[in-house]
Amino acid sequence: MLSQIAYEWPEFATYYNWVFLAGAAGTTLALSALGVILGSVFGLLLAVARISDGRLLLPLRVLAFAFTEIFRRVPFLVTLMLAFFGFQIFFSDVPLFVVAAVTTTFIASAFLSEIIRGGLNSVHRNQWEAAEAMNFSQLQTIRHVILPQAWRVILPPAFGFFVMFIKDTALASQIGVVELTYAAKVLNNKGFSAALAFGVVLLIYFAISYPLARLGAALEIRLAPSRHHRP
Amino acid sequence: MHHLDITGLEARYGKNTVLSGIDLSVARGDVIGLIGPSGSGKSTILRVVMGLLPPVSGSVKLDGQPVDYAKAADVRRLRDRIAIVFQQYNLFQNMSVLQNVTITPTKIKKRPKAEVEEEARVLLAKVGLGDKLDSYPDQLSGGQQQRVAIARALALRPEILLLDEVTAALDPELVSEVLDSIRVLANEGMTMMIVSHEMGFIREVASRVVFMASGKIVETGPAAQIFDAPTQPRTQDFVSKILRH
Amino acid sequence: MGYVLQYGQIWPYLPRLLDGAWLALQIAVLAFCGGLLIGTLGAAIKSFGPRWLSMIVGAYVTFFTNTPQLVQIFFLYFALPDAGILLSSFNAVLLGMTLNAGAYLTEIQRAGFESSRRSELEASEVLGFSRLQQIRYVILPHVAQVLFPPLSNHFIIMTLGTSMAAVFGVEELTGQALNINSMTFRSIEVFTVTAGIYVVLTLIASVLLAAFGRFAFRARTKLI
């Protein structure tokens, strides 16, 4: 296997192939980053909906609850297929990247909403009470008082989710999005051995994920000790 | 017609009745001292009045206008006129001292920022914290935090100030600095309801003292009467116990 | 537009989906047990083993937790034959999931062991316990209580992860769904029902695991 790789290497390590792989890595990163960024926005809305009170908002709470439970309990691949065929049936000519990005956004929204809800709940009850007694609405309380304190609790696990998500997006290759895993398949089909094609892509994933994971660990340590204090 | 009229108030935590048959009137300039053993419901009265715990029955009237605690607008109007200071200060941890005092007037009441800040500086100077404007709550002692909380409540320009065991969480040597601030307010004629275990202080500032036990008002009267000549056995028992130390 | 949902067409295929769900559960259990074995060994080495061995385990964990499981399985399935190791698609999936689980479960259990070391110190202060009694009555119950929630959580993640076996033609739940989809072309119906089965399956697993953990180890698992 190794001699085969050594034999193929000069032909593999061309400028063209590296550019191709770099582009694919960019797509991989873009898929998870887009999912996490949009997912943070929707996740925040879902989390706020879930901790809202009042009988009028009950349907909203139930809906947000169902959304987070369902999309955390359906495999990536199945959600991807639903998005893929859903788009195929109801819209024409949607780029595959968009289909995959919608999938990552849905899934990330569900997971991040749980992380954000945990962060909001981590802020001491007396902060809510003081705000309530001074006529803050729930949204004003979240915006001015709770979020500025909760972000320290939210950021480390949210970042951890992002790093994990980079690996999950490998499944987007199944609908033909040209991200890293798909690129490995392309190179394999071009005649390079599977060991080389998938081996190199594994290493690229590692080169992306490992530093980010380390960064995440550092972030957690940095933010942990003074959780409830100054911004 | 009194400023604040509480009649037949009843409240529960879950299935436990924590207040029943509370009748209490507060006139302008009154300083009501609420005393009694722990769990007697003193703090609960303040929480119910603020709309933090919905009452089961009874009525609260402000200037003769009944407050419907089920109506958000009613509660909001009430909270515009009554402010509360909590035992645990409840300062916003993410804001500086000045921001803690100015946030509600500027962001919620939408008053002009410059005017509010000026007023906040005056209030903070008044509670002796004019030099701590940019400090954060976790940099202050408990007594300082509680004085910020008092300034924050005053910045709302309340007609009535509720003080919920504001010295209970403080180290003994920090109690007097907070009481001094409250004494100033009492002398200025601020209407207040004070829940406290500082009997000497209540005796000094309260225009009327309410003794509570088991969620009910047992006896009400001028400080001298409650402390020196209580008529009810439970009051006598309580007073004799606290006077023994 | 003009797509009309026709669930009636796919109900006849429900037994196949349930067969697939059963297979998915089996894969998850097998890979989890294998992973637990590797993970226990790995965590023991990382906590108590010699430095050089611990570094090898560390490299294994770091590599497998920082690369996608799907590509790991691709590698096993397509590249190992070059080295003369031929795996069936099912075995490649199972091996890949087991190795992947082993890495994560090493990390999870190492954290558990570390928390037990602290309790071990406290326990040693308790008078009259022999070393064995300490392990039996203090350390193991504590480790079980601490480890149960993250372990059962990882099992749920793995149950969902079995879905990628479909990529290799294994006819577990998602594989069956793809088959039925290509026969009926009722994509939305097939995949919503499949999604529903995953939700119900993992919900049942979560509830049972939480109940078991509570009963057996007094472990508090957050359900929702």
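So that you can tell them apart, the chains are marked A, B and C in the order they are listed, and the count of residues begins at 1 in each.
Note that in this section contacts are C-beta pairs under 8 Å (C-beta built on N, C-alpha and C of every residue); 3 or more make two chains touch, one makes a residue touch a chain.
No experiment lies behind these values; they were computed from the predicted model shown.
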Centroid-based (C-alpha) most distant chain relative to subunit C: B
Nearest-to-centre chain - CA centroid comparison: A
Whole-Å separation of chain centres (CA-atom averages), subunit A against subunit B: 47
Chain centre separation in whole Å, for subunit C relative to subunit A (CA means): 20
Subunit B and subunit C, separation of their C-alpha mean positions in angstrom: 55
Contact set on subunit B toward subunit A in their complex: 50, 52, 76, 79-80, 83-84, 86, 88, 90-95, 103-104, 107-109, 136, 138, 156
Parts of subunit C lying in touch with subunit A, wherever the complex brings them together: 1, 3, 62-63, 65-72, 74-75, 78-79, 81-83, 156, 160-164, 166-167, 174, 177-178, 181, 187-188, 191-192, 194-195, 198-199, 202-203, 224
Contact set on subunit A toward subunit B in their complex: 126-127, 129-136, 140, 144-145, 148-149, 228-231
In the complex with subunit C, residue positions of subunit A that touch it: 1, 4, 65, 69-70, 73-79, 81-82, 85-86, 88-90, 167-168, 170-171, 173-174, 180-181, 184-185, 188, 193-195, 198-199, 201-202, 205-206, 209-210, 213
